[in-house]
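In what comes next, subunit A is part of two complexes: it sits with subunit B in the first one and with subunit C in the second one.
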Partner chain A sequence: MSLTEDTLYASSTQFRLWSFTPEKLVSLRAETNAFATKNITKAIKRARASDETDNKEQKIDCLTMEEEQTLINAYCAQLMHLGQAKPFSLPVSVVGTAVQFFKRFYLSNSPMTYHPLQILPATLFLATKTESRHMALKDFAERLRGLTAWKTATPDEVIAPEFIITQALRFSFSVRHPYRALSGFRLEMLGLLEVVRARRGPAGFPLAVEDVRGKLLGGRDPEAWGEVVQRMHETALKYLHGAALLSDVYFLYAPAHITFAALHIADPEFTEMFLEIPLRNKPELKARVLATVLACKVVLLEAEKRRVDKEEVARVEAKLALCRDPEKIDLVGLNRAQKRDAAEDGQLDEKVAKKRRLIREKSARDAEDLFGPGLVGK
Partner chain B sequence: MSRTALHNDVPERIHPEDGDEECPICHSKRYLRRDMRFLINPECYHRMCESCIDRIFSHGPAPCPVAGCGKTLRRHRFRAPTFQDLQLEREVDIRKRVSQVFNKQEDDFDTLLDYNNYLNDVEDITHNLIHNIEVDAMEQRLREYEAANRQAITENSKRSNQGMRDEKRRLASEKEQARLRQQSAASEAQAYKAERDAARRNVISQLATGRGDADTIARRGQTVLKKSKALREQYERRPEPVDTGFQVKGLKKTVKAGPVNPYDPFDGLTAKHEYGIVHDNYRWQPLEQAKKDRRIMAGGYDIDEYCSRMLTDLYVGFGVFVGEDEDVATAGAGMAAMTDTVMTDVS
Partner chain C sequence: MAASPLNPAAASPNRQKSNGKLKALTVQPKQSEVRSDDEGDSNDDAPVNLAEKLNNEEKRKYVKGKKLGEGTYAIVYKGHLRTDPTQLFAIKKIKLNAEYKDGLSMDAIREVKFLQELSHPNIIPLHSVFSTRDQNLNLVLEFLPLGDLEVLIRDPDVNYSIADIKAWVGMLTRAVWFCHANGVLHRDIKPNNLLIAADGEVKLADFGLARAFADPQQNMTYNVITRWYRPPELFFKARHYSGAVDMWSVGTVFAELILRMPFMAGNTDIHQLELICQAIGTPLEDNWPGVSELEGYLPFDKDKITPVRTRADYMSTFPTIGSVGVELLMSMLVLDPQKRATAKEVLEHRWWAEQPRPTEKERLPRKAGGEQRMGEDLKRRGGEVEEDGRRGDKVAKKLDFSSLR
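And then the complex of A and B:
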């Protein structure tokens, strides 16, 4: 059994769990929004029933799916900036992964349930761990406090939503980034140079040397070709480090397609010519790849043009303040409530706390029995 | 005479572990004399202690001191009983005596039926003697038969002795043969091993000295090894030893473990480039530098492996289209199921 590039990707969690068609992506987001709207309306009503000062007649106005997306995109941009700027100064590999975690998280959760300001540092912290750039939690929180939005951030607040996030990520932390492919592209270019220099290609090379020199390199001197490659590389990298991470292309296309879309933006003619080499003898696949690359290119260009509309974001933020899930605001408390000794602080729901205490006391009593407690709960 | 009379004749069994074992004549107990020995005389099988025998029979034959017995006993006939059960002791003695007289063998008879009838008659006499039934008549028959067949009895006795000697000799010779067989097998196995080791050493030393082509040396070594292998096979093909009449049947066949394959961490999975072509050499400054950098190469870092990985990264998922390729996705899922556990949706 052999593992090709295709089977390798098809077996990855990115493909199996985190790849969708555009329609599916929209329907997932709509579902999440509808579910959150329903739950939050109920939760707010519950909160109002117990709070007498609250205005009971005020209409509950939840965010729409589009408003949610505006907010998420704005926070993605903020996360990109935050991670790469001081005081974190993290490489794109970490920040890009954090952005993807953030996007994946809000595919199944609504900003109304978990506020992006709470989730954002946690995803970045999680990404530092998955990308081997771990820093101490205390250190991380201290750096975070240097930023205006998180002046009072504590380590507990950073870590509180971590389990919720890992759960929403379906415990798959691997993100296959397309920008890594650019090194491979450079290698392929070097290979082409070798072909021209040696006047013969390796076994199975599909193009004639004349074609490589004439069509692919445009008759230019191969030694001066490095500059052209460098320019393509830079342009593509700009898109892959920016627009690709902020748009939905990671959900929609395979990494190779995103890379070639970025290269297509840099130099369409050359990229299409170049695709001859990997897609030799596969005209059918070539048509499909090209169509996919072009579609991806459209998304990338669109994302590149997109600017954060600050006024709109401010409006949505204000709206969000009125429709947050009152039960999910205190994430630290909730997180502690999941743990054993939460009841001591009285922050846990009375009933749950009492039930847990009773269970604990009973098991302690049972443990003193001659033969210990039963193996299976009654 | 009835069978119950037996109990009056033969003393009851006495347990040796019984500390109260008592001599019926002098009534001294083992409790007082630990080294006390009880002997019997095959005339009447009455048990008595050694000191009593010394006392009563040292001056010649005397009647048995047990009340109501009165048989004349001689001192030299006293012996230690083989069995605790004196009835059994007596039965064995009688059988021995009868079989010494009636010592015909199966091949003396024309048919098996005749032999069985003869055995039946002998057993009748033996049984009656043992159980004291018509003892006098039985003794009479025994004596008459002995007198009539004295010549034949002597001959049969000689023959049976001869047979026993033959049997002994046969066993000894069989043992000797087995020993010789083992010895020759061991020496042959040793010779094979020595030859094989020598051939291997030869190949290794030739390879080590570095003269000549490695392949040729290895091939030549192979032929030597093959020759010694042939020797071993010849040894293994040797005919089975002749059947000695002793065979263990129904033993399980032991299955020899096959040769162990070299460990493959990927379990037969190989990486293959579907789209990229790995060139032999890339003229690129960083790669050239890395090749020369001892810090990188000392750890076994493979530049070709790096190039291969970069190419894989370039084309990863090239032929996979989201929501379109069911077959690729299924194949991928199958592969994933092989390599890791399937995630369950928890959100």
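And then the complex of A and C:
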């Protein structure tokens, strides 16, 4: 009757559905980009076919995968800020979940299909629901409107993409953060301090007190330990609250790896000594764990250095304005049409429903050509 | 079992495992499929993105059959695998509520979120989730044709023994232990959420009120758990609680299995609290330090105080399970949640090793015709009242979202 953290993690959706090798992650993004490029080129051509004034020869210049990433990363940072600042003031775990939802969404969707500005509030709203911090949609939209960038946001606009987001998330709503592992580390360390003070370990403790003193402390004063642990905890937390969420580490490593990578940044010597305790008789395993932790650390450090290049983002935004999927701009209308199908008749044959939907979408498109594009996400 | 970074397994890299896993990973469609849609064709039928494509593939795997039950929240169908009609499932279609303006409902989110993560022999397996184009969510669950524990408890034609009770309570406790080890509170344990599989295995279902353990400072709602199975701290409006709330429910289900009727069947919240005082004892500072500080605690009249029941009292109410069994039952029905037995402690109790041994699951009493019952059980929303109002076991269903913390 024992469950290790590893067993539990292995059955989680984060591991089963959302963990990748670096190569796999790149290939997924490349495919999403290729898929969107092809669909959007066709959609734009269709739209042009019905537009006499359009210059049909103009080249359709879609975003590259790198440009998509530039945009997604910039909006992730914005999402972090949006969630944590007033008026939302949500805990970082909720905002972190929203950021991961956002990143997971764009593994299978392109910003050319769904503009990040359309998706961003919905991921935050969904995260408040999945993390038991739910507020009424009306209140959410009202708070959102208090911010300059969102002053016209309506509840409908916030909620419209929720369904496509849940689908892209493959209906898995659990995000495993590394914070618990960090708390565990702190408790273990403070426990070890007691070991040193009491001059003997608890039953089954694998190290001699001298080893704890000698190896782990490396001659440092045990009474200064509390301070060391506190400092490491703070530094690690800074990385977990920032770089970890904005980088790809959640896709690449287990929560405990991410924690150890952050601790390794804070104090490499101490962290490696700490790993020595459970792994000292298992040199191969230790080497493997350490290699993984160090690889994760590299990703964290890179993300920490990364700054949003405003000029580049502006350039990509301008480019995006010319290669958006014209059929996905009015999400509110699309969503309403689908809901209408569902509510009208639960038994409605899907084919009939689809036909109706297509007709409605087409007329909505035609209307849009008449009155200009929707204002959502401009 | 603690989540310790000191545990080598906790820190072991998952690289090795990932290799095996990547094969199973289906996010990436085959190249040929992505490209199959030729240039110039109308793409009205083509999925917009990879996620939709995957969803369509998932949907095509199953065939919906006859309706097993319908409620306001969901419709339950019998279903089977397209490639193998002998592989049965229950497909729970969560109705999209056009009136509900806040998107996917909290019940649906909770149920899907937790069932996706929890994989255990005594928890109803969620095989798949897919959506139809009209935005309805479909949960493909294990088909559990033998009804639920409530049916067995109520049916006078069904006879069962202490050994059978031992098997059922054991399975229930293992499910609860697993939930708690995963940091999940179920918050609606009761006999009709305990469904029975074809092989007799008990499966905990309905995670519509479940939530993850709260962070230390975070408030939770006390408006959970069906009244008869709800622990005293929730009547006192405790906003910080633990797995102990579920363990009280396990204790009341255990008692109900023995008595073959609900142990404490209150008609109102006040009545329920009176019944708890009578059957267990009046909650006071001396048996529950700190209880008087809870928001909903009201001092009891001095002349109406019942002392905490002794083992002798329990022996006279539950004579059939013997003194060791009574000891175990009492450990789950302790007023003070801090002193109530945890799922792990219950599983380590000596009652399980004592004679009679728990019945093997294949030999447990059963009752045919549970198909419809499954439909009835699954169509409910977390804590929903039975439609005919037969039972007075309402869970507080007025979910006040602002207080749902």
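Here, the second predicted complex is superposed on the first by the 335 of 378 C-alpha atoms of A that agree within 3 Å, B and C clash if a C-alpha of one lies under 4 Å from a C-alpha of the other, contacts with A are read in each partner's own complex, and residues count from 1 in each chain.
In this section, a residue touches a chain if its C-beta (ideal position, glycine included) is under 8 Å from a C-beta of that chain, and two chains touch if they have at least 3 such contacts.
Computed from a predicted model, the values in this text were never measured in an experiment.
Aligning the two structures on subunit A places subunit B and subunit C in clashing positions.
Annotation for subunit A, partner touching more residues between subunit B and subunit C: C. Once the two complexes are laid over each other on the shared chain, residue contacts for A:F125 go to subunit C alone; subunit B is not touched. Of the two partner chains, subunit B is the only one that A:E194 touches; subunit C does not reach it. When the two structures are aligned on the shared chain, A:F35 is found in touch with subunit C, with no touch to subunit B. By the touch criterion defined above, A:A256 lies against subunit B and subunit C together after alignment on the C-alpha atoms of chain A.
When both complexes are overlaid on chain A, the residue A:I159 reaches subunit C alone and has no touch with subunit B. Listed for subunit C are the stretches 60-68, 168-176 or 294-302, of which 168-176 clashes with subunit B, judged after superposition on chain A.
Counting contacts by the rule stated earlier, residues 1-13, 15-17, 19-21, 24, 108-109, 167-168, 170-172, 180-181, 184-185, 188, 253-254, 256-257, 259, 277-279, 285, 288-289, 292 of subunit A appear in both its interface with subunit B and its interface with subunit C.
Of all residues in subunit A, only 1-13, 15-17, 19-21, 24, 27-28, 31-32, 34-36, 38-39, 42-43, 91, 93, 107-110, 113, 125-126, 129-130, 132-138, 155, 159, 162-164, 166-168, 170-174, 180-181, 184-185, 188, 253-254, 256-257, 259-260, 275, 277-279, 282, 285, 288-289, 291-292, 328, 338-343, 346, 348, 350, 353-354, 357-358 touch subunit C in the complex they form.
The part of subunit A that touches subunit B in the complex is made up of residues 1-13, 15-17, 19-21, 24, 108-109, 167-168, 170-172, 176, 180-181, 183-188, 190-191, 193-195, 197, 201-202, 204-205, 251-257, 259, 277-279, 285, 288-289, 292.
Residues of subunit B that touch subunit A in their complex: 268-284, 307, 310-323, 325, 328-329, 331-333, 335-336, 339, 343, 345-347. In the complex of the two chains, the subunit C residues touching subunit A come out as 1, 3-15, 17-18, 21-22, 24-25, 27-29, 34, 37, 39-40, 43-44, 46, 48-52, 54-55, 75, 95-96, 98, 101-104, 106, 109, 112-114, 116-119, 129-137, 177-178, 181-182, 211-212, 214-215, 218, 220, 344, 347, 401-402, 404-405.
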